[in-house]
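The same chain A turns up in both complexes below, where it pairs with chain B and then with chain C.
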Partner chain A sequence: MTAPGTTVELRGLTKSYDGTQVVADLNLVVRPGSLTALLGPSGCGKTTTLKVVAGLLDADAGDVLFDGRSVLSLRAEQRPVAMVFQKPLLFPHLSLGDNVGFGLRMRKVPKKERVERVERALELVRLQDLASRRVGEVSGGQEQRVALARALVTEPSVLLLDEPFSALDASLRGEVRDLVRGLQQELGVTTLFVTHDQEEAVAMSDDIALLLEGKVEQSGPPRDFYAAPASMKVARFFGGRNELTAIVREGTVHSALGQWATSRPDGDAVLTVRPEAVVLASEGLPATVLEARFLGTHVAVTVELADGSRLQLHAPPSVTLPSHVHLSVDPAATTLLER
Partner chain B sequence: MIRLLPRWLLAIGLLLPFVPLLVWAGSGQWRYPGVVPQRGSGRGLRLLVDPASDIPQGLLTSLLLGVTVSVIACAVGLCAGRALGLYAFRGKRAVQFLLLAPAIVPGLAVTLGIQVFFLRYRLAGTLPGVVLVQLLPTIPYVTLVLGSAFANFETGYEEQARTLGAGPLRTFWHVTLPVLRPSLIVAAFFAFLISWSEYILTLLIGGGTVKTLPLLLFAYIGSSDQNVAAALALLVVLPPFLLVLVTSRFLTGSQTGAVGFGRL
Partner chain C sequence: MLFLGGLGLGVAQSFGYLPFLPGWHWSLDAYSGLLDDKAVRQSFVLTFRIAFLSTGLAVVVGVGGALLIRSTRRGKRLLSALFQSTLPVPHVVGALAMLLLLSQGGTLSRLTNAVGLTHGSQGFPELAGDRFGWAILAEYVWKEAPFIGVVVLSALSSGVADLEDAARTLGAGPAARLRHVVVPLITPGVLATSILVFAYSFGSYEVPYLLGRPYPATLPVVAYQYYTDVDLNARPVAMAICVVIAVLIASLVALYMLLAERFVRRTA
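Now for the complex of A and B:
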């Protein structure tokens, strides 16, 4: 069941509902065999994008290409995709086995082969004994695994997942998530995965495309979003960053943290830095401790700098804090962004 | 309330009215003051299957009408029900209200007007004419049942089927219809029953040429041939009774919650 990795490319995708633009000139390349998360708040157009790729919706403009070939002329049932929705959507009139075999039946796969492939697909999701059960006789997590088997059994070139874990209990979610990730890597099927949960996106995907207001705000490996957010919007979506006012003059950035060289153009800017990158030191930037909260793995400390601006930092859990401390910040760990 | 009654009491209450019919149907002579008929006879029951009588033909006509009307009404109801249950469109409220009109306006009042129309287009006195006129009271019921079924229908099933390689037609056949099956059975059953017991519309438009069982029943009651009337009455009751037995699990809604007039 190894699918040759398919490259998916979205070019200038645009879609409006009743005059409101949901997807606005969206461009994205999904690497073959990768799991790419379409991450974004609700209403950012991520499900719409997925449905356009599936062929369930027509885009107003733009193109969808699989391995460089446009699939817009193919109807949903002709595209080499399979989709798993938020709800398992198992057909209630069919047994679990027949549900898994549905796609094969529609594609006129002979019965004998169908039975074998259904069996193998159910084994993949570790439900081999449940083929004859009826919908409603198994748990929600099991139903979602059947839905996954039903999608994978057709050996799609592209797998589309529309928040497939959001309807599951937290305890089940992790389990099904690991299963999906494991199978996706084993089968090497290019997967587009819609989620609004940034932790889920970071934990599961090779790449993340952050969708804000119908556009890809930033795309790349998860660590980029922490190390180098492309804009204030991205930094704010991922949250947790300290924001300090800064000014760039003649290739030097001036801020409460000090001054160093930058390649950015002159003007006002925001200096952002993650709390982990701010370290307590024996000498350096003087600061006053305002609040310290013990959080188990670390202590979240709020300090005030000499100019009155506030900063969050993470101190080791064993530390005893005096009221006045010194800080050290590695300029390389900071990101200068446009206001 | 019904739960409080013992089942056997309920059964007796329902079946009691049929006892005199059974006795009448099998009696030859039954005069006052006899508590039971003086003489038994199989004449009434024999006539039901006698090819020389018009009853076997009437049974066939009624069955054919019932099935045809039911199938057409369901086909129309599926389309209309989908539109009403799933989509928002201008004038939806008006359509919903008009659907109830046949249940509010007495059939007799409009039938006279319709008859003129049917006469002009030579539909009066024909089987197609009667089918058409019987669709009048059936389509609203079927549309209401299927409309509420579609209102509860998960359209995600259809999207899921499409992404699994089923075209629109196959999605409808392999997914939509089976998912709606309980409601569809209820709707078809309603349509058949309405057609089966329709009298006035059939009489006026059929003009006596299209003889259904209710028409024959009225004729025999009028002729005071009690044996045949009673036997015929039993025959008229039998198919709906059997249908209820077969479809009861859908009617009570124990199979699925998406049946009936729940929500529209």
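Now for the complex of A and C:
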């Protein structure tokens, strides 16, 4: 299946519950055939957004477009979407095979075709032998795979995943995650994936949309969130960055790391830099080592600069650290952000 | 022990054990005589009809009420409380209330009389003490529908709403969700409770005694009539009727336990 995929666009989506705005003027374009993560802390409105796309919730304002056409007038059962929830939510009175076939039955697919498609879908999730089993007779991971097969069998234009791995054990999570990503790429179905786990989002997605307080704070490929966070909020959500006070004056940024040209306007700012971008050098910025912790693949070192500000850096695991070191930082690896 | 002793004595009496009568002997006469007894035959028909109708109506009203309560947004708790308010009321009280409401001299009769719908108490249809058993039916449904409703409401707890959401994303409209998700999920509970309702309405004495007529009467009432007969030889017949009722109800309860067990296993 190499369908070109559906473009999903959210325009000015707004939703309140009891006077509290959960989603506030949210805009997002999901590229056709991509897997886009809606990443954010709990309560940021990501599940609400997903349910609005599915049609399970009505937005107060805004629009949801599939390939440029609004789907707001379609009820959930009429939209070309399929959803996998946190829990498998299999129908307990049906066998696993009948669960997978449910969507086809609702769409009045003839029985013969239904049986074939259910079989194929179960093969996709590698559960072809379990069609006649009942819910509760298989493991949680297997149930979630059945739920995935149940969603995929209807050949949806848009696949919605609401933290589908969060209820699984860590060992199963990786397995099901790989399966989902593999199938998504194979089928080329546009997928919107809700998660609060940044590692999961980074590992799985083509694009990430970081939702904070009901808005898309930044969207783009995962790499951008590390290389060029758009704001302090993004930098803090992804964490691990060093923050140094800086000031911009007449096109030059001044900080404990030195000074260089910038295009940012004058004023107070925060200079952020990832620990990996700070390297030990034979000469350069002098610093005092405060703490060094061996973490297997690297040594996490905390140093104090001349002006008293502190920095985290990653040193190679074989290094022997003197108490005084010199550092070198590539200005291109730093990001200057508004306070 | 005392209970079992009473039960044993009852069974023994149904087989003719009457040591206080001269010339008593073991026999099946009481049982074989049941089918020839016109009062008992009519009573069988009446009792089954009332039990079936009241169970069926209680299921319809109970399930319908529960679904209605679930779909309401405002005043849900009030509605639910009203619906379940008959649960703690004893059947005797319910029966007396029905008598006051539905009899020809009752509240409803006076109301229709006052607005000119009927003329005099005789103009009001005979609902209590009638041949059909309208008031008995009304009492059973009034009391048992909420019982079924409570079971349905608990079966329709939050988890079912999630399953319905899943069904919606799979293309199931409101009717399909009712048929393929809600009904299958509440069926085991409804089946089990309706068997209990049937057993109660089949074996209850006080409600048909208060709201029915002496002839034709339901089985428990007929049994009591025979029990209090001046002719002590009628005693085995009374006991035989009781044994038949007990056996029927016992088999129903056995069926119920079988179903309940299957239900528990399925949802575990």
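Methods note: the second predicted complex is superposed on the first by the 335 of 339 C-alpha atoms of A that agree within 3 Å, B and C clash if a C-alpha of one lies under 4 Å from a C-alpha of the other, contacts with A are read in each partner's own complex, and residues count from 1 in each chain.
One rule holds in what follows: contacts are C-beta pairs under 8 Å (C-beta built on N, C-alpha and C of every residue); 3 or more make two chains touch, one makes a residue touch a chain.
What you are looking at is a predicted structure, and each value in this text was computed from that prediction instead of being measured.
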Taking chain A as the common reference, can chain B and chain C both be placed on it without clashing, or not? Answer clash or fit.
clash
State whether A:87 touches chain B only (first), chain C only (second), both chains, or neither.
both
Between chain B and chain C, whom does A:189 touch in the aligned arrangement: first, second, both, or neither?
neither
Touched partner set for A:154, first chain B, second chain C, both or neither
both
Determine, under the contact definition given at the top, whether A:136 touches first (chain B), second (chain C), both, or neither.
second
Overlap of chain B and chain C contacts on chain A, residues 54-56, 75-79, 81-83, 85, 87, 89, 91-93, 102-103, 106-107, 150-151, 154, 160
Chain B residues touching chain A in their complex are 154, 156-157, 159-167, 170, 174-175, 178-179, 181
Quick check: in the complex, which residue numbers of chain A touch chain B?
51, 54-56, 75-79, 81-83, 85, 87, 89, 91-94, 102-103, 106-107, 150-151, 154, 160
The chain A residues in contact with chain C across the complex are 54-56, 75-79, 81-83, 85, 87, 89, 91-93, 102-103, 105-107, 134, 136, 150-151, 154, 160
If we count contacts the way the header does, which residues on chain C are in touch with chain A in the complex?
162-163, 165-173, 176, 180-181, 184-185, 266-268
